[in-house]
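Which chain is which? They are A, B, C and D, in the order written, and residues in each are numbered from 1.
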Amino acid sequence: MSLLQEEREIILGNEYVDTFDFAEVEDFVKNASKELFISHHFKKKNKMLVQPRGGFPTYKKQFALYEFFVDANVDVLPLTIDSNTRLNDYGTAKKMLRLSEDNDVDMLNGYPLVNHGYRTTRKMMTHFNKPVSLRHGTPDARLLIETAIASGIFEIEGGPITYLLPYSKNFPLDKAFLYWKYVERVCANYSKLNEPINRESFGPLTATLVPPCITIVIQLLEMMLSLEEGVKSFSVSFSQSGSMNQDIVMGAVIRKLSKHYAAQIDCADAAINLVYHQWMGAFPTNKDYAEQLISISTVIASMVGADKIITKTREEATGIPTKEANAKTVANTQYSLGILNGLPNVVDQEEEEILTEEVHSIMEAVFNDPADTLWRKVFNSIKNGIIDVPFSPHIINHNEMITIRDAKKNIRIIERGSVPISDRCYAYERAQCDLTKDTTSIVNDIIHDIGIMQ
Amino acid sequence: MSLLQEEREIILGNEYVDTFDFAEVEDFVKNASKELFISHHFKKKNKMLVQPRGGFPTYKKQFALYEFFVDANVDVLPLTIDSNTRLNDYGTAKKMLRLSEDNDVDMLNGYPLVNHGYRTTRKMMTHFNKPVSLRHGTPDARLLIETAIASGIFEIEGGPITYLLPYSKNFPLDKAFLYWKYVERVCANYSKLNEPINRESFGPLTATLVPPCITIVIQLLEMMLSLEEGVKSFSVSFSQSGSMNQDIVMGAVIRKLSKHYAAQIDCADAAINLVYHQWMGAFPTNKDYAEQLISISTVIASMVGADKIITKTREEATGIPTKEANAKTVANTQYSLGILNGLPNVVDQEEEEILTEEVHSIMEAVFNDPADTLWRKVFNSIKNGIIDVPFSPHIINHNEMITIRDAKKNIRIIERGSVPISDRCYAYERAQCDLTKDTTSIVNDIIHDIGIMQ
Amino acid sequence: MKVVTGVVGNDIHVVANRLMELSLHARGYEVFNLGVNTYLEEFFDAAVETGAEILLISSLNGEAEGWGREVKQLKAKYKYLDNLVMMIGGNLTVGSGHAEDIIPKYKNYGFDLVCHQVDLNTGLDLLETFIADRKITESNQS
Amino acid sequence: MKVVTGVVGNDIHVVANRLMELSLHARGYEVFNLGVNTYLEEFFDAAVETGAEILLISSLNGEAEGWGREVKQLKAKYKYLDNLVMMIGGNLTVGSGHAEDIIPKYKNYGFDLVCHQVDLNTGLDLLETFIADRKITESNQS
């Protein structure tokens, strides 16, 4: 038995798992309907796929949510996991699930997948026969992903960096890399049986003034760590930045460079998709304005030429959205995509060139780290600030880089910290901003820029 | 006394006018607040001006509508005139106004300006102290415009072609030219006293599959007819076509050519503004979808770089909008304009070149007409089909031109009728479409294309 | 079958009218389209002149409510129109109204079929069912 | 004046917390920011260690409702905290709630000032008024 299989058996021997039948699951995946695989839809569809967000504790409520989404003509269903499960606290999740079922009130902020188990969950997934995307935020997602795939969920979001730096203060980063290595391998193995399992990185990060070069570097690195393990279908992603042009440039560069770096590790055969998140930062509390913001996100996603869009709702600023509000966004987004025609092809060569150079510089610095494996190089690069994510709450993050918006609302780097972008690029970034202002006004600008869509 | 002044005195001696005090009106215009002049706002503003549509019969209701608009942060107030006044039937308008006032029910589909009179209406206009735009659709607007300017309304929409071909079946076109000549002269004369009165042409026409070259030619001709008479501030306009790229191209070409043709008649000193109408064709009955359409219009207006946008409401398909719905669009549009940043500069040289050539060809044919004055040349050109407006209900219109949408939803000419576009341009237009289909499918395509936003 | 159609009153919304002509042709009717801006007399005159069995009126800008009141009185002046099928469609009120209120009102004005904000083809399907039903009733009665 | 601040529980929404630090500094406070992911004990420990007069807690992801219940009991274990001004703000419930329901609940948990979905600066203005009022009351009583 392989080492991986030994580890799998330990993981799946968990007391909260009701005997995991490896052979049966393999068989299920082998014969599963192609419709369940988002990788299959990416191949054959000629329109942007629309995916909302959403997870409720009970089977019944999740089922009802899916019915709403299907009525709204959804392309990809979401399964958002509750925060206890994310922290591997299946005991609390079990207790809260029971309370939710008995009292018809939501005691969890998502679907406790491990407690429901794959035998139950699979019924829902095969019933709707649509691709499902797993949204969690878990550093140790080993058991969760095994359960997801056994349930018929063939897209897994996340990664060791993107699910850690924005979501955690103390979880050890090196452990996260190892746990995700397991996930990649499991996905890679199952991918051999039918259509590939799709992995997706979480590009929005903290959704707050993250400069394009940092987003792209992290997308590329998580892609490489995944393809290295044999994954054959991967989605890079990012969220609306606040400047239409910056989004278009980011889309062009990430599309080009993901092909480039995939080829560099001999993985040019993998399918790389581009996912765009509607505005992920602070939302306006006025719900009508929130809808404007959401429609504009859709227009930009079309200009970017994304393969999938992940939606928000008019209730984002207030709290967890109702299923009605959630489904409404899906229907609206589909309608908008239908009437968005004659989109111009926009190319901004100067911006593309600067951004490409920045990404290459950082990637090179990562590769030049003396460690033996890619994940260790990346770990060291985060630790020593070569990669620095603004507004990350994690203790390992440097927080030395400072970004503000220029007059056109592009995110620009005004303090590079230890991030090794060239002097030329650094000068270009700073030249776009008015730095003659005093510190107080710059701080006020930053405060304003955070809430740019309010 | 000049001939014009003689004519004015006859017009204003109308039994429905309560003694028109020429000297007092002149004095009022001379000393009027700059804020009332949209031409002044065009000069100083650095954002797109937002203007809704709307008119109610009674003073009270119109006042209440304006209060809503001001709360929603409007830039330009509309005054839409009822259809009796448009047909110069002031008697019926008077009766219906009395009924509306007495029974608190709307018996008119707009504000009967002549019956209210300038002394009353001016109170409202100076109270709000915002620029007001007169929207009517009247072929003989002489009395209406005199009353409007005396009331403090310093933007006048319309023109002999754009307020006739889409709005009338039988009204004589030659008379319309002469009545509008009067309007232009009155506007020109008042323009000497303070900031200029702004004239605006109605570019949407029938809002149904009108090809860009026809729209632009008509805009340019109405502009020239106006500038010829001494008008110093003019707005050309067009409405969302259904293809983002076609709108951007149209904006670029109309901006360039309006300067060109203004200079050709030695009127380069006049200010030319660009106005964009949110989708003017058939609206979706689903009000949420209508809102998506409206937001997308706003994005496109920003890409086009319009100086003013005229809005629609979520209730367009159902009937005349409530003041709440109307104000909501204004607030939403203002919010959207605020968050639309980093807009790319799009240039499509090939399309611009084709469209420019088409416009020049038609303009040249108009100028080559042997008649002695521009208005007679234009009259003849409409009569003999050199200018042909699809879906015009007017008997003089040729209705020989046939347009459909190509795969990107650009409006293309597949039958040019007597419109003298060159063989090269005609071939280009047709080459974008699939004309191998049988007639039934092409007719079905046209039916579908009319309701493209549904 | 012969059909007279057009848009009533001062209404100049011509698009549906153009489609109407196409659809009626496609369904095999002989069409006399009077276009937009057509007054009631003109409709009835045309029905008499052509010997049409069906009169299809459109109204989009809300005017029909005003004209509707005069239908019965005017039609009574004509001979030979007793069997004319009378149908109206479009936006049948100013502002937004409800079909429940609008349909009885127009039936009272003398219309056999009333389609407020109903799609053209749905409306024409209704018309065909109506005509088929009437034929059966007539043959039963004879 | 000394202020201890941070985000309670497993909540990692850090943006408001960074702004909080800036705003408090700008208003002249001496700030001890514990950052996100801070448990109740850590807050009270810090208040004791620093001798802070004010404790400002943020919660964004809805967790506060769970933690709030333990505040009174826990605080009772500490000496010297009787005069500590206790304030909480952010999103104080899971899903969307109404301030009328939320404020009394949190007052009951032992908070002097409760700001559900209230802007930072508005909240800090309230705090200053509260402190000024308390000073007047105290000097009147002495």
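What we mean here is this: a contact is a pair of C-beta atoms (placed from the backbone, for glycine too) under 8 Å apart; a residue touches a chain by one contact, two chains touch by 3 or more.
Note that the coordinates shown come from a computational prediction; the quantities given were computed from them, not determined experimentally.
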Inter-centroid spacing, chain B versus chain A (mean Cα positions, whole Å):
46
Chain B and chain D, separation of their C-alpha mean positions in angstrom
57
Taking each chain's centre as its mean C-alpha position, how far apart are chain A and chain D in Å?
33
Which of line, ring, star, complete or other matches the graph of chains that touch?
line
Those chain pairs that satisfy the touch definition:
A-B, A-D, B-C
In the complex, the residues of chain D that touch chain A are 10, 12, 14-15, 18-19, 22, 26, 35-37, 61-62, 91, 93-97, 117
So in the complex, the part of chain A that touches chain B is made up of which residues?
242-248, 284, 286, 288-289, 291-293, 295-296, 298-299, 328, 331-332, 335-336, 339-344, 346, 348, 408-410, 452-453
Spell out the residues on chain A that touch chain D in their complex, using ranges where they run on.
83, 87, 106, 109, 166-170, 206, 208, 282, 285, 315, 318-320, 391-393, 440, 443, 447, 450
